[in-house]
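Naming follows writing order (A, B, C and D), and every chain is counted from residue 1.
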Amino acid sequence: MNKIPVAILGATGSVGQKFIELLTNHPWFEITELAASERSANKKYSEATKWVMSSRLKPELAGMEVKLCKPTLNSKLVFSALDASVAGEVETEFANNGYFVISNAKNHRFDEDVPLLIPEVNYNHLEIIKGKNGAIVTNPNCSTIGLTLAIKPLFDAFGIEQLNVVTMQAVSGGGYPGVPSLDILGNVVPFISGEEEKMKTEPLKILGSLKDNKIEHANFTISAQCNRVPVIDGHLETVQIKFKSKPTKNEIIEVWKNFKSLPQKLELPFAPKQPIYYFEEDHLPQPRLNSNLEKGMAVSVGRLREDEIFDYKFVVLSHNTVRGAAGGTLLAAELMKAQNYLNGIL
Amino acid sequence: MNKIPVAILGATGSVGQKFIELLTNHPWFEITELAASERSANKKYSEATKWVMSSRLKPELAGMEVKLCKPTLNSKLVFSALDASVAGEVETEFANNGYFVISNAKNHRFDEDVPLLIPEVNYNHLEIIKGKNGAIVTNPNCSTIGLTLAIKPLFDAFGIEQLNVVTMQAVSGGGYPGVPSLDILGNVVPFISGEEEKMKTEPLKILGSLKDNKIEHANFTISAQCNRVPVIDGHLETVQIKFKSKPTKNEIIEVWKNFKSLPQKLELPFAPKQPIYYFEEDHLPQPRLNSNLEKGMAVSVGRLREDEIFDYKFVVLSHNTVRGAAGGTLLAAELMKAQNYLNGIL
Amino acid sequence: MNKIPVAILGATGSVGQKFIELLTNHPWFEITELAASERSANKKYSEATKWVMSSRLKPELAGMEVKLCKPTLNSKLVFSALDASVAGEVETEFANNGYFVISNAKNHRFDEDVPLLIPEVNYNHLEIIKGKNGAIVTNPNCSTIGLTLAIKPLFDAFGIEQLNVVTMQAVSGGGYPGVPSLDILGNVVPFISGEEEKMKTEPLKILGSLKDNKIEHANFTISAQCNRVPVIDGHLETVQIKFKSKPTKNEIIEVWKNFKSLPQKLELPFAPKQPIYYFEEDHLPQPRLNSNLEKGMAVSVGRLREDEIFDYKFVVLSHNTVRGAAGGTLLAAELMKAQNYLNGIL
Amino acid sequence: MNKIPVAILGATGSVGQKFIELLTNHPWFEITELAASERSANKKYSEATKWVMSSRLKPELAGMEVKLCKPTLNSKLVFSALDASVAGEVETEFANNGYFVISNAKNHRFDEDVPLLIPEVNYNHLEIIKGKNGAIVTNPNCSTIGLTLAIKPLFDAFGIEQLNVVTMQAVSGGGYPGVPSLDILGNVVPFISGEEEKMKTEPLKILGSLKDNKIEHANFTISAQCNRVPVIDGHLETVQIKFKSKPTKNEIIEVWKNFKSLPQKLELPFAPKQPIYYFEEDHLPQPRLNSNLEKGMAVSVGRLREDEIFDYKFVVLSHNTVRGAAGGTLLAAELMKAQNYLNGIL
């Protein structure tokens, strides 16, 4: 099978680099174009960026000439790692010119005609772009994804009234150069600009139901407090939930263990075999030990116990740059291809 | 004035070392005896311990011979840094033999005749040992102290119905050698054995009212989740409160800023001039920047904002080995001396 | 092909766990016995140890009953992760009873009849155990291995007169619980007990020549200074060399790039395709980015430049628990099997 | 006594903030002007900078209006924390207009008429600005200062032929935002741009002798290798020396312990009582434990032992932003005032 050519917008940033790392040897997609700002355009990729991944950059990509982020690219499927300051207009321009843009940027997440997609959670929201020739599909914020994936089967089975979450987020979520070492070494910063607003709104769109080709947001209350901790990869979150119908502890664990969704059934290349793992050990999950579970695509939960104020509390861990960014976006592209949403591509 | 001779039980551990560091040049107290387990007894102090404080150990203490923790010590005022595995019996033995024991250990915290003391919060609880010749007074857990000090003026002014807290605690809270570096470097551990139980019970005794020489525990609900983070000193806690009578944001800040208590009026040597500081900046307080406020004896609060589920949320920071351990205990001793609770001493 | 059954001595420690992790799905070897001290014996493995690897422990190993380290084990090939306090006698007992012991412990490294083996460097030293039914083969110290592998081709090509090395070593080299977090978080400790002595003697035996079935140590001067840094995995070392015959910079780089040895020719499962990588970038190699090169079995070098005192200086990086411990030992076992040193096994 | 008014150039950067912190309550100097680039000029200081010191910024400084770095400032004594990209011209302009500029920037360090000053080491070099109305005096690089102070008494007593140094430097040396956390968390970077060149040249000027009002550089060989480590404050350096006349170990220690210089005799406010401390313990000095010795103005040495290649090796530690930057500059100003070099000031 011929691979589908893909382009990466914002290829020189850290999310762009992660896309390149994850797409290496992908069975369906092949990077044929790298695009970035004017400052980088026309340079060799290796000269336009400081490679900060732990894998080595392939020579054929190192030598690729960086292009501008203009809808003259040949690849009709583009992954956007653009900064929010430019992503809004650029992504719209691409979509209007017949490209399928799968984006990590926040700009279009709440557009009515744009799915805010976690493939296992709301694959059906892709319906709103069905038949389109060109569209934007967005990935949620890194702190939203792990949380929403972990609560999806509970939401379906027991209903949710209140959700309280406190995060301890890794520095890779801030990009490169991102968080200064003087701010975070041996320290915690109890504030991440804009993060709490995303966490209290995005899960409601993702868990929303599709009615008349529109997404009706879910209706429960979320409170979020976000902290930055000196961890490289892996967002850990403490979660408290009040359910509509309070389950037993075992019922929750069973629902988690048995959760599989469309990406698993389709056996998509980046789909984890099991999306959610429950740890019985008191001290787990931990970012350093468990973030890479199923190559960073699975979510870990642990310490489920009854709460004094809500019904239950537990912790959730997910890899913020794999499942929470480039990996999640890649899985979205795989799903769109497998379900024939990519009109005009192959 | 002649200084009061004091002894330190468990002098070789990290809390014991902190006592020694803080008591250096104290205007009222003078260390005359260091006591520890049989393994250390009869050795020179510098040979019995590995000094891990950042100040240098004074030669006269380095050369002091370590004694056993037996009630044959000359000093009638003793600070206990004993491990919980032995503190229970030893402290009782000392109290029964006419010593005043001020302890960091958890063993006697819920004894009916033992105050669980934060000098600014419940100095009146000392009434229950009034007139005694020998008694135990305990210091709360390090994660409890900052929290309870910060909510005390709110509790008095507005009443509390529900309190939800998630902690990010420093490694010095685990003693020495304590937390292995392989567990915590670039990591978060979402579990600290026994910590959540302490946090949901201790504040209720401390905020309790004294009736007929007994402490009637306060009556509200607390849920606590405790995490270990790679920070040396300073426990940061995210707090959510539902009040009996919801105040405005400004009312809360005013109550914090104006809070002063008996240790401030008595101008005790270790009393912070201002016990609670409110930070207006979004990114503060932080462990590395603010733990040492007023030599580690003040508590920092910040990010006060309305909550979607409770009434308000904010963050609290306090120095866990100063205000949260040795410094708090020292302040308790100063208060007991100033208020004449130390029968037979001086 | 039937796999060779192997046992692990000291299976509950962190090196023991690393053996288990690396042996998972090994094409030639299969763990059939786990052995440890009396404290752990007769327990299920998962109850005898606290698993601190980032991979999950397989159920069949989790449930395996731990045996004592006695030469009544069925597997004749044993990997020793024993502590130096017991390894000396136990390993001798096994060897005397017909077992082949490949050990990480320091005890027998300088025994005359024991090879101190880095498979790519001194595979010929295995000659001294040829024909034996039972023997000990030792792995060098973790800080020695990366260094010696990197200088081996230079030693052969240009001769070495003086070697000066300063290390910055990861905490995983200290085992578990090992280095306390209070000692190393945001800190450097300029001392590792016994390490400098190992570094100035071991390379000389490894680089020694075999004469009359005896190893004649190499003859040059080594000075070593060892520091512990807050890094999880990966020892970084700054190296200065005075050669017998001073090469050009390019000659050194060519010698490194072209270096291949017997394990590469035999295509042993754990052999890196290329043992030594040279990085052109000024800021590389770094522990976090490059330790896992070739699954942790390759050594990285960089920053080669002329020195003001010696001839050249450069930095070396190697993964201390893979190439520097369990992985190196495994490669030794593969070499011994491929070269038919394991008399009586298979 | 009226305090001398001083201005700070580059007041908004991290070195500028450190100047402000250290000058708070200084007995001789008073900050009356803060100057920075056009971007900050005319703003309130607290709005022009993000305060990252652990002390709180005083209200009178927070509210001070930032001025431009033009020689129209009223204070004739200025501390320069300017970036090297602008310091060259600006400092010259100030000196030419009758200002005394004490600078941390590298630009003028090797000018013939500019002392490169460590007050205890080469106070006599100030002779070259004697009688001038306006001059530049420079502070050496942070990694040079600790080293040169530690070797000064050895250089005087025994002579030095070769000096070999490997550094492990704190992130605060890189300013703010400086080193990205993704680069250094749990990592070591074996490269700091320009640092090795400074270390192999600056000590030779500082240890040079004054002849005919010119500085004749000292004449020995230095090799330096510089690494960045995840430490907040405190540069640790491993040092090897070949002496002209090899002393005993005790002779070296005595020379260190007895070293006092002019700043000590003059009892300057920022002068440490004892400039060099020798630690007997194997594991000391360490950045976290010992950087703040004598408020960060003393240098710690330890682990002195014979070397296999040079004569001796040892480690040196100094606080890079206090002794190595703002504190050292302040001490220089005190010395200049006490010795009457500040023509026209007071």
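Basically, contacts are C-beta pairs under 8 Å (C-beta built on N, C-alpha and C of every residue); 3 or more make two chains touch, one makes a residue touch a chain.
Just so it is clear, the structure is predicted and the values come from calculations on it, not from any experiment.
State which chains count as neighbours of chain A and simultaneously of chain D.
B, C
What chain lies farthest away from chain A once each centre is taken as the mean of the Cα atoms?
Greatest centre separation from chain A goes to chain D.
Using Cα averages as centroids, what's the distance between chain C and chain D in whole Å?
42
Between chain B and chain C, tell me the centre distance in angstrom, where each centre is the average of that chain's C-alpha atoms.
47
Approximately how many whole Å separate the CA-defined centres of chain B and chain D?
Their C-alpha centroids are separated by 39 Å.
Which chain A residues reach two or more other chains?
Only 52, 185-186, 230-232, 288-289 qualify.
Mind pulling up the chain B residues that touch chain A in the complex?
Those residues of chain B that touch chain A are 162, 164, 166, 168, 185-191, 193, 200, 221-223, 225, 227, 229-232, 236, 238, 240, 282-289, 302-303, 307-310, 313, 315.
Tell me, which parts of chain B touch chain D in their complex?
Interface residues on chain B, with respect to chain D: 52-54, 56, 185-186, 232, 288-290, 292-293.
Please output the residues of chain C touching chain B within their complex, sorted ascending.
Against chain B, chain C makes touches at 14, 52, 171-172, 174, 176-186, 230-232.
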